[in-house]
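Presented sequentially are two complexes of chain A, the first with chain B as partner and the second with chain C.
Coming up: the complex of A and B.
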C-alpha cells in the first residue's frame, strides 16, 4: 500500500512547473557564481574552480533550498483541510510516511545534482572548452580542503562521494522541516527552523573558533583548511539525532490521532 | 504532595547523613591530595608551612568550589525554592518578600552545614601540620611559585590569617545568598522552576567559562572572584571590591524582592524566543569586541556592526549581521504572522478601516525597532566601558562620530522597516508569512560583496562596512527611503483593492 502511495505521490509531484523549479534550484546559484568568479580569480587546479563555485551562495542558503524542493507543498494540504479528507481513503500514517519518503528522495536528488552537475561540468567539460587558465603555483601554498583525502581513489570517486554526502545532508535538512511542519501546523516556525538552526549553529561554532564543526564548513569545505574526515560526522550526527527524535514524535502523533 | 516528594523534602530539611557523608568523603579526598601538594611545594621552597596555609588553600580552593560546591549549593537552592512554594506557607508568612527570606534562611543553614563540614574535614587533615598563630614562613614567599596559593597572596594584604579566613567565609556566604535571591526572584516572576534551573545552569557555566577564559580586563564578570576571596583579591588588587559589589547586588535583589507585595503582581510573559535572540545578540557584541581587540569604542562599534562592504567581508561578520538584524526581523515576522493569521479577522473588524488597523500594528513594530536600536547602542557602550580602552584608532579617525551615529540609528531604522514591510507585503499577498521569510532569506545573497553595485539593492545597507568605503550615509538613506515609499504605495494598493466592483 505504501509503495503504491509513494508512486502516486511521485506522479502527483513530478510536473513540468516543479521540474523547472528544481532545475532553477540546482543550476541558478552555481551559474551565477561561475560567471562571477571566472575572470576574477587565479586558479591552480581545476578542482579549485569547482570548490569556488560551491562557495558563498549555496552554503548560505542550503537548508532553505532543500525546504523549497518539496516540503513547502505540504503547507497547502495542511491549511486547506485536505488531510481531513485523506484519512477516509488511506491511513494517515501511511500517507505521512510516503510524504517523508518522497521528500527524502527528491531533496536528496536535488542536493546531489546541485553539486554533481557543476562537478561534471567543471572537471570534465570545461577543460575541453578551455575557459579558465590554470596557473602554476610557483611556490604559493595550494589550499587543500576536507574530502580531498578521497582524491587518491580517483577524481570521479571523489565527486560522487562528495555529492552523496551533500545529498544526504540535504535530505535530512528537508525532512527536519517537513516533520516539524507535520508536528506543529505552523508553517513559518517549522519550515524556517532548519535554516535558523543551520545559521545559529554556524554562528556559534564560528564564534568559539570551532569552524571545523560548523554545519556549513563540513558541507562546503572551501572556507577552511583540510580537516580529518571524522569532524564532518559531528554536526551530521546531531542532525541525524534531531531527525530521529522528531520522527518518533510524529509517529506517536499519527498513531494517537486514530484513537 | 505525594509521599516521595514529602520524603525528598524531609531529607533536604533534615539533611540525610548519607548525603553529607558523601560530600565529606569527596572533600576529604580532595583535601588529602591538596595537602600532599602543599607539603611538596614547601619542601621544594625550603620554607616551613603551618596550619593556616592548608586551611586557607583548602577552603578557598577555586576548583573545588567551582566544580563541586557550586553545583551542590545551586541544587540545594533550587530544591528549597521548589519544595517550599505552596500557598499555605505563603498565607502563613504573609508576603512574597517574607517567603524569599524564609527560603533564604533555610538555604543559609545548608550553607553553614557545608562550611562546618569543611572544618570537620580540615580537623582530620591538619594532623601533623605545625600549628602557629601567624602567617607561616612559606606563605611569605610571593614570587616564583608555580601556583596561586591563597595564603601567599593574602599574607601581603591582611595581617592575621584568622581575619583572612573569616573574610573568605563571609564573601562565600554573600555570593551564594545573592545567587539564591536571584533564583527565588526569577521563580516568583515566572512561576516556573524551569527558568530558575536554566539560570542556575547558566550561572555555573558562566563561572567555569569566566574562570578559564576571561581576560584580566573582565575581572568584574569573573565569578570565582566572588566565590573565593584570594582569587578576588588577586584579580582586583585590593581587599574590598568583591565585598562592595556583592553588597550592592544583595541590596538590589532584596529591594527587588519587595516589589512583589505592592499589590501589582507583575506577570512577565517571558518568551523563549526573545531570550534566545538576546543571548545571541549578546554573543555577537562580545565576539565583536574580541575581534576589535579593544581599540576604541568607535572601532568596536564598526567591527561589531560591520556587516558587509563593497569589497570584502568575513563570513562571521555577515553571520553577525544576519543574527542581529534578520533575527529581529524574524521576531517581527512571527508577531505579524500571528496578527494576520490568528487575530486578523477579529481585530480588523474592530477598526473603521483596514488602514487604521495596519497603522496600529506598525506603530508597535516602529516602537520595537527604536527599542532595539537604543538597546544595542547602550549595551555596546556598556561593554565598551568594560572592555575598551578609549584610545582612538588612527584608521577610523576619518569617520566623524556624528556620521557613525546617523548611520547606525537612521539607516538601521530604515533598513529594518524595509525588511518588515517587504515581508508583510508578501505575507499579505500570499496569506503565508513563510514566503516573506523565504524571499528575505534569498535576498541575503546581496550581502555577499560584489553583487550590489552602487547599492541599488536595499539589502544590508546599514552595515558599517559601507562607511569605511566612503559611501555617504545620506545617499544610503535616500535609497532606503525611496524603496520604503515604493513599498508603502504597493501596500496601500494591496490593502485597498476592491474585491468587487
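Coming up: the complex of A and C.
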C-alpha cells in the first residue's frame, strides 16, 4: 500500500517544470561560484577549485535550497484543505509517510548531485580543457580540509563519499522542514526554521571558536582547516535527533486523528 | 645661520604636514605592521598603502595572528591587483600581482560569506 502511494507521489511530482527547478537548484550556485573564482583566485591543486566552488553561496543557503526541492509543495495541499479529501481514500499515516519518503529521496538526490556534478566536472573534465592554471605554492601554506583523509582511498572514493555525506544531510534538513509543516499550519515559520536553526548554530559555534562543530563547516569544509572525521558527526547527530523527535510527534498526531 | 634656520623650518614644516595628513606611506621594501578587523558576511578590510618598489614583484605577507581562515590579495587602484590567496593558517605568504613600480598598493582581506563573526588578522607585510 505504502509502496504504491510512494510510486503515485513520485509520478505526481516528477514533471518537466520540477525537473527544470531541480536542475536550477543543482547547477545555479556552483556555476555562479565557478565563474566568479576561476580567474581571480590562486589554486595550488585541482581539488582547491572544487572546494572553492563549494564555498559561500551553497553553504550559506543549504537548508533553504533543500526545502525548495519538494517540501514547499506541501503548503499548497495544506492551504487547499487537501488532507480533508485525502483521508477518506488513503490512511493519513501512509499519506504522510509516503510524502516523507519521497521528500527524503528527492532532497538526497539533489544535494548529492549539487556536489557530485561539480566534482566530476572539476576533477576529471576541466583539466582536459586546461581552464585552470595551477600555481606552485612557493612556500605558501596549502589549505587542507576535512574529508581529505578519504583521498588515500582514491579521488573518486573521496568524491562519492563526500557527496553522499552532503546528500544525507540535505535529506535531513528537508525532512526537518516538512515534518514541521505537517505538525503546524504556519508554512513560513515551519519551512524557514531549519535555515534559522542552521544559522544560529553556525553563529554560536563560530562565536565560541568551535567552528569544527558548525553545521556549515562540517558539510562544506573549505572555510576551516582539516579536522578529525568524528567532529562532523556532532551536528549531524543533533540534526538526526531533531528529526526523530519530530517524526515521533507526527506519528502521535496521525494516531490521535483516528481517535 | 639664517639659511640654516630656514632649512630647519622647512624640514619641520614638511614633517608636520606628513604627520598631520595621516598619509605616512611606507616604501615597499620595508615590512610594515597591520592589525585589522574583517567584517562578517564576506566583508573586507585593507592594510595601509605602500609604494610599490618594483614592477610585478610578489608582495610578502606575514601573518602572526589569525582568528579564522580568510582570503587576501594585493590590490592597487591604478591596476594590477593580484588574485586571492587563501590564508588558512599563520605563516608567510608570497602574493602575486602585476602592480607597477611607484603605485600605491595595499593588502585586501576578505571574510567568507558564511562567516557570521568578525575576524582579526595581524602581522606585517611589504609590497616589494
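As a working rule, the second predicted complex is superposed on the first by the 259 of 259 C-alpha atoms of A that agree within 3 Å, B and C clash if a C-alpha of one lies under 4 Å from a C-alpha of the other, contacts with A are read in each partner's own complex, and residues count from 1 in each chain.
Operating definition for what follows: contacts are C-beta pairs under 8 Å (C-beta built on N, C-alpha and C of every residue); 3 or more make two chains touch, one makes a residue touch a chain.
Bear in mind the structure is a predicted one, so any value in this text is a computation, not a measurement.
When both complexes are superposed on chain A, chain B and chain C clash. In the superposition on chain A, A:138 makes contact with chain C only, not with chain B.
When the two complexes are overlaid on their common chain A, residue A:207 makes contact with chain B and with chain C alike. When both complexes are overlaid on chain A, the residue A:41 reaches chain C alone and has no touch with chain B.
By the touch criterion stated above, A:223 is placed in contact with chain B and with chain C alike.
When the two structures are aligned on the shared chain, A:56 is found in touch with chain B and with chain C. Of the two partner chains, both chain B and chain C are touched by A:199. Of the two partner chains placed around the shared chain by superposition, neither chain B nor chain C is touched by A:157. Contacts of A:241 after superposition on the shared chain: neither chain B nor chain C is touched. Once the two structures sit on top of each other via chain A, chain B runs into chain C at 40-48, and not at any other stretch of 40-48, 58-66, 76-84 or 94-102.
The intersection of chain A residues touching chain B with those touching chain C, taken from the two complexes, comprises 56-57, 60, 199, 202-203, 206-207, 223.
Against chain C, in their complex, chain A makes its touches with residues 39-42, 48, 55-57, 59-60, 135, 138-141, 143, 199, 202-203, 206-207, 211, 216-217, 220, 222-225. Contact residues of chain C toward chain A in the complex are 42, 58, 68-69, 71, 83-86, 88-89, 91-94, 96, 112-117. On the chain B side of its complex with chain A, the touching residues are 280, 283, 287, 315-316, 318-320, 322-323, 330, 333-334, 337, 432-434, 437-438, 441-442, 444-445, 448, 450-451. Chain contact summary for the complex, chain A toward chain B: residues 29, 36, 56-57, 60-61, 64, 67-68, 72, 75, 79, 187-189, 191-192, 195-196, 199-200, 202-204, 206-207, 223.
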